[in-house]
Every structure is written in C-alpha cells, then in structure tokens.
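Several structures are given next for inspection.
Look at the two complexes coming up: subunit A is in both, with subunit B in one and subunit C in the other.
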Partner chain A sequence: MSTNTKKISHKTLHLTKRDSIATWKAWVIRLIAVLLALIICAFVIVGITGENPLNVYSGIIDGAVGSKRRIWVTVRETVVLLLIGVGLMPAFKMRFWNLGAEGQILMGGAAAAALMIYAGNLPPVLLIILILIASACAGIIWGFLPAFFKAHFNTNESLFTLMLNYVAMQIITFLIVFWENPSGSNSVGIINSANKGGWFPKIFGSDYTLNIIIVVVVTVVMTVYMKYTKHGYEIAVVGESHNTANYAGINVKKVVVRTMLISAGICGIAGAVIVSGASHTISTSTAGGRGFTAIIVAWMANLNPLGMLLVSAFLVFMQQGAIQIASQYGLNENASDIITGIIIFFLIGCEFFIKYKVRVKKSEEDAA
Partner chain B sequence: MTLLLTFLVAAIGQAVPLLFGATGEILTEKSGNLNLGIPGIMYMGGISGLMGAFLYENNVQDPSTFVGVMIALVASLLASCLGGLLYSFLTVTLRSNQNVVGLALTTFGVGFGNFFGGSLSKLAGGVGQISVAHTAEGFGAFLPSFLRNIPVIGKVLFSYGFLTYLSIVIAVIITWFLTKTRKGLNLIAVGEDPAVADAAGIDVVKNKYYSTLVGAMIAGLGGLYFVMEYLHGTWSNNGFGDRGWLAIALVILALWNPTNAIWGSLVFGALYVLYIYIPGLTRASSELVKMLPYVVTIVVLVLTSKRNKPENQPPSALGRAYFREER
Partner chain C sequence: MENYAIELKGVTKRFGSVVANNQVDLALKKGEILSILGENGSGKTTLMNMLSGIYYPDEGQILINGKEVSINCPKDAFDLGIGMIHQHFKLVDILTAAQNIILGLDGGMKLDMKKINQEIDALVSKYGFDLTPAEKIYNMSVSQKQIVEIVKVLYRGADILIFDEPTAVLTPQETERLFTVLKKMKLLGKSIIIITHKLNEVLEISDRVAVLRKGKCEGVVETKDATVESLTELMVGEKVELNIQRSDPKKPEKRIEMRGVTVRNSEGLSILKDISFVAKSGEILGIAGISGNGQKELLEAIAGIQKVDSGEILYYPPNSTTVEKLSEKTVREIQNLKISLSFVPEDRLGMGLVGSMDLADNMMIRSYRSGDSRFFTDRKTPRKLAKKIVDKLEVATPDINTPVRKLSGGNVQKILVGREIALNPDVLMVAYPVRGLDITSSYTIYNLLNEQKEKGVAVMCVGEDLDVLLQLCDRILVLCEGKISCIVNAKLTSKEEIGMYMTGARKAGV
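So, the complex of A and B:
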C-alpha cells in the first residue's frame, strides 16, 4: 500500500428487514405518508385551481361529512368497499390474485336487477333473501371458471379474472338492451320506483341499515372463518406453499376452488348491496372501479378487516370530498381519481419503510 | 369489395394502439414485471402529447407542423416514462406488490387523462373543443400521393400516418432484441429466474427498470396514436375505452412475442369493429360480438397453460418481486 493513500468515504443505504415493528410506529409512518400525500395534493390543487389549499381541504371535509345525507353516502360507500375487500381476503390469503371482483360484482348486480325486474311483486322479505342468494350464485359462477382452470391447468388467474371483467361488462350492455327503460335511453333507469320491489327497506329510519347489517355479518363470519376454522388454516398453508400443503395432506385443488367460490360469492353479494341497497339500477359502471379499489384496500390493510375498514373509510372520504370540490371549483369529477391516486401511491410506498429499516451507512475505503 | 376495404382499414386503425400497448407490455413482462398500469399509462401518453401540442399551437402565431409533432412526441414519451418510473420505483425499489401498484396506476392514469382532457379547453380560457389541427396533420398520411392512389393496396397499405408503420417496426425490433441480442436474453433470464440471473452477474434491478421504462414509453405511443391519428387531434373522455386492457389481453394471444402481436392486433382490431360490418345484427347481438376479443383471449390462456410448452408460457417469475436477501 502506498503511503499517500486517500481515504474516500462512501455513503451507502443499508436495508435490513425488521423482525417486528411496534403498531404505533407503523401507524406513525402511515400518518406521515398521508400527510406528505396531502401536501403534494395541495400543490397539485393550487397548480390547477389557484385556490388556497386549506379552503379546498375544508371543501373535502364538507363534501364527505358536511350534511346528514353526505355522511350516509360516505358510510354506504365505505361498507360496500369493505364488503368487497372482505370478499377478496380469503383469495389473497391463498395468494390467488382475484382481480375479477369488478366482474363478480357486475354479475351479482345483474342477478339482483333481474329479480327486481321479473319478480318485483314477491313478498319483500322473500324477494330480498332471493336476491342475496341469486347474486351470490352469479358471483360464484363468475369465480368458478378461473378457479377451476387455476387448480387443474395452473392457468394464470390474474389475467383470467381480469379478462372476465370485460366479458361481464359486455353481458351488462347486452342485458341493458332488453331492460332499458324508457326504451331508447340505453339505460335501465330506477327499477320499481313505484312499489320499491326488491329495494332494501328502511330500518331505524335509514335506507342503508340493511347494507350495514349485511356487511357486518359477512365481515364477522369471514374473520372467524379465516382465523378459527380448519378451512381458514388450510387457506393460509396453501398461500404459503403448495408443496407444504400437499405434503401436509391438504387437497390443494379443492381448497383453491372452494376458497375462490367463497371470495366470488361475497363479491356477488356486494353487487346486490349496490343494486338493491343503493343505486336501484344497473349499468356498466355499477361496480365503478370498486373491485379494483378494494384490491388496494385489502392489500394495504394486510388483509386485516379492521384495517380494511379504516382504509376504505379514508379512501371513500377523500373520494366523496373530491367530488364536492370538483363541482365547487368547476373541475371535472376525475380530479378525485388524481387525488386518491397520489394518496394511494404514498400509502403503498410507505409499507416499505414499515417492513424495512433504512440506514445511511458511512464506509471508508482506500482509494488506489 | 369496397366494404371489405373499409373494414380492413378500420381494423388496422383499431389494431395500432393495441400493438403499441402489447409490445410495451411484452417487453415489461419479460423482466417479470406484470405492469397492469399500462392502460393508465396509455391515457397519460395520449393526453400529454395532446396537451403539449395544444399549448404550443395556442401560444404561437404560426405553428409549424413539424415542431408540433416533435413536442407531442416528447411530451407523450416523457409522461409515459414517468408512469413507468413510478411503477418501477414502487415495485422494484420499494418492493410493493405489482398488482396493487399497477391497478392504482391505471386508476390514476385514466383519471389524469380524463381530468386534463376534460378541463384543458376550460383551463386555456374556454376555447371550446380542443383541436390541434396543425400537429394532427403531421400525424396523418405522409406517403407520396402516387403510392396512396394505387387502387386497392394504396388505401390498405399506404394511407396511414407514420405511427402506424412505427408500431410494426418497433414490434419487429423488440422481437429481434429479445431473441437475438445478449441484452435481450439477459432480460429474459431476469424474467424467468431472477435469482439465477443475479448469480450469473446480470443486474436484475437495472434490467427491470429499463424494460419497464421503455415498455411504458412504447405503450404511451399507443395513446398518442389514438388522439392524434385516430381522433385527429381531439379528445373525448373515456374515448380510449378498454383498449389498454385489450392490449394486455393481446400479450397473451401473442404468446409473449411482439411479431405475433402484429397479426394478433389485426385479429383484435377486426373483432373490435366486426359488429359494424356484419349485416342484420341486432343491437343485442352486436354487444355479444364485442365480447369476442376477451373470450378468445381466455381460450388462448387456457389452451397455452394446458399444453405447457415452455416457450409459449408467461415468464415464470411474472408478477413476483425479487429480493436478493430472500432467496
């Protein structure tokens, strides 16, 4: 080594996987991510509208919870998103990428709409029970195809379920031709607006009580199913490794198909909740991207139902708020996609800092 | 005969954005990145090109076609490159889930396109319908008229703008790159088994970044084609529709080979407009015909997975993130 060696210091990023992280720390990181996202959004908003961002944010709050009606809409949208997220939970736990919630919702919604149109005069309780069963079955049919081919031919399920979404959309446009009302409008209109056949009834003075009851029941049942039953355990093992599952004597094909049917069935029910419990009509935008948003919800909450509730509430809050500021400042409603998009990117990115510890390491090296 | 000709020309018009999208997605997927953000990136590429050209034409006294085309191209490539960068940064560097990031990017990109497309004229001071006539002219037919005037083949082969021909050239180049060059083979190795590629001294991260960025830029050109050549420099909200997802479907139909995507895009393009040309189709049955591209894709997906020929399969590490320390 020569005598006049120079020392060069390098700064390198050093990553280590955390074994565990205190829950409060994880939430602080998420909170920082949300704040950063809101700051970026503020810049975007100012750049576009030239308004004071604080006014805009108070507009968001006003839009989401500013009146009794708005609060109910926010709640209604939140529980639907949660329901779809809960539906995706078992499939994702199994590492089965069900990207087809959108299509399963549409099929469930179509079944609900069909019953409302053709059997609107049945006794209300019977009709609603029928609607829930039929929509679950419709979702199940839509989930069976990719599950069967995944189990037997190992067909890529994310691409398969994705394609089925668009087949479902075409089926809806096909059905609209027959159901359109008034004819020539190319839309179904409000179904049974006179006798409210198949509409979820008002309970305790709210239109959306039954929506909430259904979502709570499904969520609790699924949480118990995943945590405390043999099926739930099998799903977790299959998700970890197909080989391990085989070795442990689990019939992987059976578990894959069964779990996907449950997942798709819940998404189908979500379709009924949207059609019978909220919009009372059906169109290609009935699912409205919720099937995709729910994927983000389920993933960011680590498939934890309580976390999913929080994430969906937050996303819906921002969306409803953004719709309000869009009309307030004369922007178009897609402004909400941009704002929620930015927030989602930050939330996705921050998970990295929850899983890994990043340190800047100084190392000194001899230069030649 | 003339009907067949118009049908063919219409099918090619539908095929081009699909081909751009599929070529870009194939290049991306070969690195193991399943970029489901491609539909959003195509929106971003389209609207950014249009915005660039619009701002240029609105602020210059006598806009030149050539400069307008250049600005549109650069703006489009830049925006789609940023989309790809966002995806790569989140999935490769920050190790997030690919499906989640991709879907979020698509939601964002479609919103981005519709927002700026819808408010562009308003922001520019209420000039009504956006139109960039000068620039769009540069994206239109450019071959000398004696070629275009040849009966039959003149219309079918020579009546398009340069992006149409570029889409085929790029598809061929990418196929050559993937099968005939060392860099391409390295990229395929990364998509098949990143751990082995890493051990062989291939920079996995760099390969994933480059292929995703270039792939996104190619796909963005599909969006640009749509607004400039197909819509002649205008915008309609959600006008691009589900073409981005069709492009991802086309990747499967093409068995991850861009040259296959050339004829595949023609098949999809033909299926996309077929309902207009079948006589005696009711409104209902035309909706069913529109379903065909997706059904065909599903059938191909199932058949290829059943036959299990390795060269026709998705890259085996597709959709899975690679962390060296978790080998």
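So, the complex of A and C:
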C-alpha cells in the first residue's frame, strides 16, 4: 500500500424518500416551519420598521379577531375564499387550470348587481333566489367559452381563462358608466341602501348568516359530488389520464365541459355572495384577487375541503391583520404580505422534509 | 491474488423501509462476462445504478481495480472506466451517430468532426461493428441504436461495460449478433456485466452467473456448472414447474374478424395497413412483432379506442347469428351492447389503471356506470371484487385502500388481469401480460389465460418472449410495419422463422 495518500473526510448530504410518516410527525414539522417563519419575520420586521415584532404580531391578531365586528369580517372573507376554492376544486381535480375565477366572480357579481338595480322591488326571497341563479349562469357563460374550446380544439385553458379576466374587468368598467350613482363619482355606490332590495337578510342577528349557509351547502354538496358520484369518479379519471378515460369509455369532451361549467358556476355564485352578501356594490376590484388567492387555497390544501377551510382562514387572518398593523404602525399593507409570503414559503418548503429524510454522511476518501 | 475489475463488499441500499440491496458481495474478474440474474425487483438495476453513479450506497465498499472508490455521479463512473448501456437508449434522434457519441465530452473550441469520425471508424473496425458515423439516429433500427450506445461508452474509454437487459428489444437474429460483439469485446480485454432475466441467454454468453433474490446475492456459479433448472431454483428460491399446458382448441367459432382494416395516426401515417384475420373462441392467438409495429393499435381498434380509417371489425356473439360491427362504435356503445370484451393494455398505469386511486376504485374503471343509482357510484361491489382478486391471485398489498402505484409491477398486473377476467369476457385481449413479472407470477398469468381459453374465450395475446408465445398460443400472427407478415400454427413453427417474419426478411407465401 502506498503511503503518499492521506485520508480526508468530508460530509455529503444524502436524501432518502420516506415511505410514510406518522401524522403527528408531519404536523410537528409544519409547526416548526411556522415557528421558524415567525422568527425570520421578526428579523425582517425589526430590520424594516424597527418595531418590536411581538407588538406587530399582536396587532395582527387584534386586527383579525380583536372585536366582534372584526371576527365577523374575518369569517365573511374566509367563507367567500373557501367558496371560490371549492369552485376551483373540480376543475383542478380534472387538471383543467381554471385561472379565470376572478372573471367568473366579476360576471356573477355583475349579474347580482343588475338584478338588484333593475328588479330591487321584487319580493326579497324571490329576488335572492333569482340573484343566485343569475350569477351562477353568468359564471357558467364565462366558463363555457374556455371549456368548449379546450374540449374541441385543445386550446390552452390557462391562457384562455386568464385573458377572460381582463375582458370581464372591461365589461364591469363599461357597466359602471351606466350604473354610476351619484353621477360623476365613477362608481356604483351602495345599491338599494334604502330598501335593501337584494341584500342578504339578517338571520339570527347576523348579516352574514346566509353567506355561511350558502358556502356550507355548496361545500358539502361538492364534497359529496366529488367523492361519491359517477360524475366525480369520471372527473378523477379524466384528471389522471385521458388514455384511461378513453379506455373506460368516458366521453372526455363532455366531462371537461360539464365540470368546467360547475366550477365556473360556483365562482359566479361567489360573485353574488360578495355583492349581495357583503359589499352591496360592484367595481372592478370586487373580486379583489380572491380568484387567484383561491388557487393557493385549493392547492395548499391538496383539494381537500377541510384543508381549504383552514388555509382560507389563515390567509384571511393575515390579510385582516395587515389592515390593522398598516393603520396602527403606519406601515404599508404590503408588510403583512411579506409576513404571509415568508410563512407560506416555509409551509411549502417543509413538505420537502415530510417527503424526504435528510442525512449527513461522512465519507473518507483518498486524496493525492 | 486474482485480478478483479470490480469488487463490491457488503453493499446495501435502502429506499425508505424497502431494502433494495442487502449486504451484496460481488466481484467481476477482468476480461470476463458476468451475468447478473434475478427477477424483477430483486435489485439488479439498483446495484448497477450504484456503479454508474446514479445512486449512492448506504453501506459498503466499491473497489475498482483493487482500489476503493466513491462514485458520486455518472461522471465519476466514466472517469473510472465504467460505461452503462441502458435498456432505454439515451440518444438524440435528430443527431448523427458520431454527434451522439461525442455529446457531452469536453473538447477544444474547434470541433474536428473528421478526426472524430476517424477515431470512431477505428473503434468500429476493431470490434467489428456495423455502424456508419454520419447516419442519423432516427434512420436506425433498434439494434443499430444499441451499437451507437456501445460505441459511445467505448469511445469514452470504458473498460467495464454494464448492459441492462440488452436483448429485451432485439429479435433472435439481432441477439445473436450482439453476442458475437460481446465475445469480441471480451477477447480484447473488456470486462462485461449483463443484467438479464432470460436464462437461455445467461447460459449461452456468460462465464459466471450471479443470482440476486430480494436484494441479496444468492450465489455466484460458473456457467458451465449451471442449468436452467438450477438457476431458476436459485432465482425463485424454490423448485418451479416451467411447463405450460396447451390443450387443443375445442369447437373453435369465429368471434372477431378484421377485414382490411387500416388505421392512421394523427400525422396521417398508416400504423395498420389492410389487416385481415379471424380470432376464434377457445384458442389463443399470439401476436408477435418488434415493439411499435402496430400491436397496440390493433388491440385498441378492436376495443373501440382507436379510430379505424377503413375496413371493418366484426364481432360474432356466441349462440347467435347476429353480427356486430365494432369498427363503427365507441367504447361506451360496445359496453352498452353487453359485448363482453376484456382488454389488458400495454400501458398498465397510463391506461388500464389509475395509479393514484386505490385498488377498490380501480376495480370500477370499466364498470362504474353499473349499480342501482343513476347518480351515485356503487362502491360495495368493487370492494368485494378487489378483495376477491387479492385473495385469489395472492396480490401483495397492505390492504385494498392502497393506491395501485405503490404496488410492484407484478401485483399491478395481477390486479388488472384479475379485473378484466372478472368481467367474464367472450373476448380477452392482453398486451405483454407478463412484462415485469417474476417467474411464478408469469406462470400464474399463463394459467389464467389457459383457463379462459378452455372456457371458450377468444384470447388474443401480444407478447415479446417468443419462447413463451410458441408454448402458449395456438396460432401466431406476426406484424411487421403495420402489416401482417404471416399467421402460423404455433406448433409447426420455430423462433427463427418468426424472427425472420418480424423483421420483414420473409414475407408470407415466400
């Protein structure tokens, strides 16, 4: 054996895929991720603002659940986000990238606003039923276009649905010109503020009970639809492989169109829930990016409705908190987006450690 | 001391809780051909991937030419003179052979193609290959592509060559030619490892055989002392009967008939040209051919998945005088006619099953529309069926709620074949039914096919192992470039004859 070689040791990282992991371990990893994220956020907060991060955190909590009214707003926003997430679920399960929830919400909202303006004197129950139907139909029209072209000409649904968002926004701008009130304000203002025609009624002492009922009903129905019906089964197969679907005798085109109509219809109803159930007005920012946030909601929860509820609640919590700290500390609202971003980064990143085991391995090698 | 090219000592590799290789000790002598024999999932490929730098062992040592090494990436393997020829070629179709051979090599600023071509020509004549460096890959046959892969690793100065299932895609004649090349390389001092599960080839080509079972090395034997039976026993761990019982067809009746069927792909090229044949009840019709010569489209056309451009496909129901024209019907219409047509496609997880769904949900892929409710799925029947298949075919699975993609290839196939046979078919079509299966599972499947045949089912079986087709089938239809080159009686033909028809070297009636 020659002696002019010496051993050097160096460390290498080795990744091994985990077979399975205990549920509690996975949650511990997620919890650690959130804690780490909050620590990093604290540094960022101190670095940017010089504020005590604990104060900022308590400001966020205060903003989200600090009073009865704030709790209700948080709940209202959570259920709307959940509803849109549930709307996206069947499309995403089918691997149909519906990025057009934003436009579908706006069209649904426009239909609701139109009925409130032109038919505000109808009996309230009838009017609200009409609003829900009309808004669903408006969303469906907005979903039918990309679905039809996808099914028959294999167009790219991501681009198609995305571009329709801008068309929807222009239509709203156009409608605002007609519905301007007071004239010259370039906004629609609160519709029917006197007789509250088409507003969701107060039930059990809350303005938002009907919002919650609608969302719960839709969520439960869709969960059952996806899990236990023949349609739901078809969606799952089409999403996995068109080849398998053909083999099974599933009419892929029909399933694509039908599922997208359902998805867009629910997003349209979300528009009505926002307009009739909360803002009572319409503007180009009625959807307010919820159509995109809901994509995060759907995927982070892995299309699981219960998970979607948790993710929606978390995101809305942070959003409402942001508004609070923005006014309290004179921060820009984006400060909270930074915090949310860091937490989401850690949450998504920790999935890696749930899937893989990392080991440091020492190895010895000859070095010349 | 003996001169070893490679020595593995106590090499272990785990994937999660699965031990792919367990304390493997193995040595390759310089200038020998060593076969590594083992069933699918026995850890052959994992072991070789550790030599070629794709995986890193969890434990153990690797010695190359007597010196311990650490192979961290494929480049390390190249530097040590180890070259791997993969089962699936890694070539760029639109480049020439020479361009593929130098791809990824360091070089100066100027690319001297002339010099490279000369070097390649020198290698080619040294080993007696049949290769034109300037030819484009897409013009080449499978065996020519394999030669390019071999020259590629030789050009990089490999002294140790590892072949992963090299004969899987070759005709018998091409296999012979490959073996000649291997022997030549051995004479010129190269050390060679062949991974395979074909026993005849092991006996023909190798000097020694190492048998792997369940990740462990069960022994290394001199080929001259080995027989098919002794190797099988080592491989399986017990004695197995390697006989297929073939009974004579009973009362064969016409079931499926193709009349002048032509199928074109989306680019308008015809995949099947003027196909006419008859499949009869109570017999097994084998379909042979080099992969990609229209076998897939033939079965899919009958199943209604593939659109037929011209010609007709007819179905003759048992005990009836009506004739159904399948070529004009969709899959759903065929199902609605209560035509019991079972189909085990080649792409198990891409077509026959849904990988992310559990066993029970996979049972209902073709029958989910049945059940009392119009709207809701019936989950009870498929669950029962899944349990029955798991019991009857001894599927290794934790439970029936496991996603099928987590099962091994053999178990996936059992699920698929089990489901299709449970439909009580009149016609059963299977494509590569035993691909990836171990010996015992393969024979389970052969027996199932025979059982169906004896029940009077018209069985059509696309296969790649000619030895098996010859034993199992009654008639064999050979496809070449989308045309039928012959239909022969399996009892009266030979592997060589079918090989000739497969390459189109012989045409029917010639």
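FYI, the second predicted complex is superposed on the first by the 334 of 368 C-alpha atoms of A that agree within 3 Å, B and C clash if a C-alpha of one lies under 4 Å from a C-alpha of the other, contacts with A are read in each partner's own complex, and residues count from 1 in each chain.
Throughout what follows, a residue touches a chain if its C-beta (ideal position, glycine included) is under 8 Å from a C-beta of that chain, and two chains touch if they have at least 3 such contacts.
Just so it is clear, the structure is predicted and the values come from calculations on it, not from any experiment.
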| query | Which partner does A:206 contact after superposing on A: first (subunit B), second (subunit C), both, neither? | reply | neither
| task | Would you check which partner chain A:158 touches, where first means subunit B only, second means subunit C only, and both and neither mean what they say? | result | first
| Does the superposition put A:348 against subunit B (first), subunit C (second), both, or neither? | first
| task | Look at A:17 in the shared chain and tell me whether it touches subunit B only, subunit C only, both, or neither; answer first, second, both or neither. | result | both
| field | Partner chain in contact with A:174 - subunit B first, subunit C second, else both or neither | value | first
| query | After lining up the shared chain so the two structures overlap, which partner does A:149 touch, if you call subunit B first and subunit C second: first, second, both or neither? | reply | first
| request: Scan A:223 for contacts with subunit B and subunit C and give back first, second, both or neither. | output: neither
| task | In the three-chain superposition, say which chain, subunit B or subunit C, touches more residues of subunit A. | result | B
| task | Mind working out whether A:187 is in touch with subunit B, subunit C, both or neither, as first, second, both or neither? | result | neither
| request: State which residues of subunit A lie in both footprints, the one left by subunit B and the one left by subunit C. | output: 17
| note | Per the touch rule, the subunit C residues reaching subunit A in their complex are 14-18, 56, 58, 67-68, 70, 72, 303-305, 330-332, 334-335, 343, 345, 347, 350-357, 361, 364-366, 368-369, 375-377, 379
| task | In the complex, go through subunit B and note every residue touching subunit A. | result | 34, 36, 86, 89-90, 94-97, 99-101, 103-108, 110-112, 114-115, 118-119, 122-123, 237, 242, 245, 248-249, 252, 282-284, 287-288, 290-291, 294-295, 297-298, 301-302, 305-306, 314, 318-319, 325
| query | Which positions of subunit A touch subunit C when the two form their complex? | reply | 12, 14, 16-20, 228-234, 236-237, 240-241, 243-244, 246-251, 363, 365-366
| For the subunit A and subunit B complex, residues of the former touching the latter | 17, 48, 97, 99, 145, 149, 153-156, 158-160, 162-167, 169-171, 173-174, 177-178, 289, 292-293, 295-296, 299-300, 330-332, 334-338, 340-342, 344-345, 348-349, 351-352, 355-356
